[in-house]
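Once you scroll down, you'll see the structures, which are given as structure tokens.
You will see subunit A twice below: alongside subunit B first, and alongside subunit C after that.
And now, the complex of A and B:
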């Protein structure tokens, strides 16, 4: 149906890079989210303020603009600071690293809310019981909190993954040869833009469908042994 | 800092374009979303399946692909579109941007409305039927007003997402806030200053939108709040 004129392999290579960027960004996002959630629930006012500012700013600024700030803005900022200190350096940011860092940072803010909700969903009595049984704080976190937080956070993290995966298309703007960028190149070479972008959209749709099925299975696996209402 | 002050008027002009695109897409998208949501909750597969397909496609693919599909993809059908006299529209970046944003937000909003329609309490629907309301009257007077109120918090998030998503139109050469910042940054070398200024403007407008929605929600849920405690003494004086 869709004749890609021999450029199909380019889309396939793009898909691999898209998934790699997506998975790396998701790992950064999960790490950022756990730190952020810890900050939001901490007693320390500085940690609370930092975590609050983080989620507020990320929510208010478009992804594309943040990507441009990381990719074009940060190197010049560091160079300007270095020049001020008397050093002359030139920094080139790798598009892959810039993309992973930006998406991880953005979706870290979304996972912060997911983890915060998941931590609060653990019944308080269990935490008190753990302390009453003589567990230390780290034991309580490891044995009581985290095993349950994962289960409560899974649906939210699944959503974060699906939005994040679609957002990887933005990285094509800084010329990383992922699916969207390769579709752009293929469309330019064959003069068949509709065919290529439609094929790319179907591939993204396929990734979404597979992710949804995977999410259902993982959630079912995480719920094993939990009595259903 | 000088560069920021010098170019601020141009950036604010870009912000106006951003708001224009947001308002037009949100308005048309909402009008499209209501019938789409009604089709989606229908029990007839000929009605709900196409609506489900539409919503699934637009929610499952990146907005950037949809924008490129419409803006660049329409070129593949140039002759057909010229024959229909529509090429003039698809040749315009503004039209393509608004079209793709509208189609996307219609899909997302329809899904939000579907959830809201499903959560209207069944007792209210039964009561309306018992009063003898017809299908359409029931939707017009009971289900839709209630669903809109239930959907409002989720819808405010959708509007904010769409507002931020408009920054993508700068990729197809439109001079919105991001577009202006990109062009001036490339010319003036004040790269991070200008991008950060643009970010601050986005931040202010985002929280402005959320503030307005909070106010609207407050107005619409007046009957659900606890009544102010009022005591009236024997001589008619009111003690609060």
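And now, the complex of A and C:
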């Protein structure tokens, strides 16, 4: 089996942090996605423009680049401007927060599209019928739209989660000791890179398999009461 | 381990106003890589160890600083310094003209030569003719890469890697015919390991100042002359009182300070 030469605990700590970053980033992404989808489908042209710009820019710029801009670029810029104005300040962006915010923001753009598709998948007639039956807008959203949007969005969100999970490895560049970074440190110190990267890849695969099983159960739960074709 | 997690969550966005000037008792954050044995690495208990670390601690004692280490990826070592994630880099960073445009350096605290290495019995000759058509592995953004590009760039295929370990990996797998790196790092990190037992040094020592500079120094942000002087004084002090020699003897059986 894999002999981790006493560095196994580092991988274990890394896994915990990876999962924590992943789950927190997913929550941010879902929140951003709902706001984005609302903006894209709004009648207000400003909201539509803002949401359109958000998804275009974010989906068009590599995650790694955005991460480096948030973690190194922005603090350096602000500090340099402050120094120019005669203040000596240090902006210390916590790597955990920087990572969660950046990943959440990026995958929020992808989940925007997931939610937009899910909202459009609800038949228009149902919404018109809800209004015709005298429901207010918020009643319609709560009773007709959301229960179905969740069901339509789940497969897409599951996909976002799996891609996001693997993107957490990028956070290793901002010194957050997650799985990828700890595998790198373990490899560097034992001179067993293959062992450590192989162990890390098995762990990522394990997380993905567990996620898939979880997703199937959640989808089955969301589909309860829906007749299969 | 939960404690480690909570420390990450604790400080969300801390803005600190610095006190001016270098003084005893001052808190100084030191950036290092933690994956470059025997100079700096992380042991089984997660503690930083190595020559750089011992030297850094000795320098901080000599200067009266309270030091704290920050482990940082090599590629972003200088950006991290400029972004004030730490105040000094003690990570076996070679003093070069290119880097001096971005940061200031203290005098060297060690200087070991660079050497090529290849599979035993490869009969590789280190010359433009001998290396013609060979694939040479080197760590990216290092003095070794610049040396290789300038001297053999037209005859060899250069493969650059983010870490020295990835370079070793490709040499072992046969995707590269040779590598070039710091002799001590190669000796300890590769030739003396299981992975590197079939490999050896080839060719002469290289320590041209033009590429390799004066050796490894401590990088400080420009315009922080007090801190720079404090570190220079500390280097002179530990050289004079025998602390340096004690640390040297712990890791190497020759004088790594060089000429």
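Keep this in mind: the second predicted complex is superposed on the first by the 215 of 229 C-alpha atoms of A that agree within 3 Å, B and C clash if a C-alpha of one lies under 4 Å from a C-alpha of the other, contacts with A are read in each partner's own complex, and residues count from 1 in each chain.
Just so we're on the same page, a contact is a pair of C-beta atoms (placed from the backbone, for glycine too) under 8 Å apart; a residue touches a chain by one contact, two chains touch by 3 or more.
Model, not experiment: these values are computed from the prediction.
Asks: Sticking to the clash and touch definitions up top, decide whether subunit B and subunit C on subunit A clash or fit.
Replies: Aligned through their shared chain, the two binders clash on subunit A.
Asks: Pick one for A:44: touches subunit B only (first), subunit C only (second), both, or neither.
Replies: Neither partner.
Asks: Looking at the overlay, does A:184 come into contact with subunit B only (first), subunit C only (second), both, or neither?
Replies: both
Asks: If we overlay the two complexes on their shared chain A, which of subunit B and subunit C does A:195 touch? Say first, second, both or neither.
Replies: In the superposition, A:195 contacts subunit B only.
Asks: With the two structures laid over each other on chain A, which partner does A:72 touch: subunit B (first), subunit C (second), both, or neither?
Replies: After superposing on A, A:72 lies in contact with both subunit B and subunit C.
Asks: Of the two partner chains, subunit B (first) and subunit C (second), which one does A:172 touch, if any: first, second, both, or neither?
Replies: both
Asks: In the overlay, answer first, second, both or neither for which of subunit B and subunit C A:5 touches.
Replies: In the superposition, A:5 contacts subunit C only.
Asks: Which partner does A:62 contact after superposing on A: first (subunit B), second (subunit C), both, neither?
Replies: Touch partner of A:62: subunit B, not subunit C.
Asks: For A:126 in the superposed arrangement: first (subunit B), second (subunit C), both or neither?
Replies: neither
Asks: Quick check on the superposed pair: does A:90 touch subunit B, subunit C, both, or neither? Answer first, second, both or neither.
Replies: second
Asks: Under the contact rule defined above, give the subunit A residues that sit at the interface with subunit B and also at the interface with subunit C.
Replies: Overlap of subunit B and subunit C footprints on subunit A: residues 68, 72, 76, 172-173, 184, 187, 191-194.
Asks: Once bound in the complex, which stretches of subunit A touch subunit B?
Replies: 56-57, 59-66, 68-69, 72-74, 76-77, 166-170, 172-173, 180, 183-184, 187, 191-195, 197-198, 200-201, 204-205, 208-209
Asks: For a test of understanding, state which residues of subunit B touch subunit A in their complex under the given definition.
Replies: Per the stated touch rule, the residues are 56-57, 60-66, 68-69, 72-77, 160, 164-168, 170-171, 178, 181-182, 185, 189, 191-192, 195-196, 198-199, 202-204, 206-207.
Asks: For a test of understanding, state which residues of subunit C touch subunit A in their complex under the given definition.
Replies: 1, 4-5, 8-9, 11-18, 20, 34-37, 41-44, 46, 70-73, 75-76, 79-80, 82-85, 163, 165-166, 168-169, 189-190, 193-196
Asks: Considering the complex alone, what residue numbers of subunit A touch subunit C?
Replies: 5-7, 9-10, 12-13, 16-17, 20, 68, 71-72, 75-76, 79, 87-97, 172-177, 181, 184-185, 187-189, 191-194
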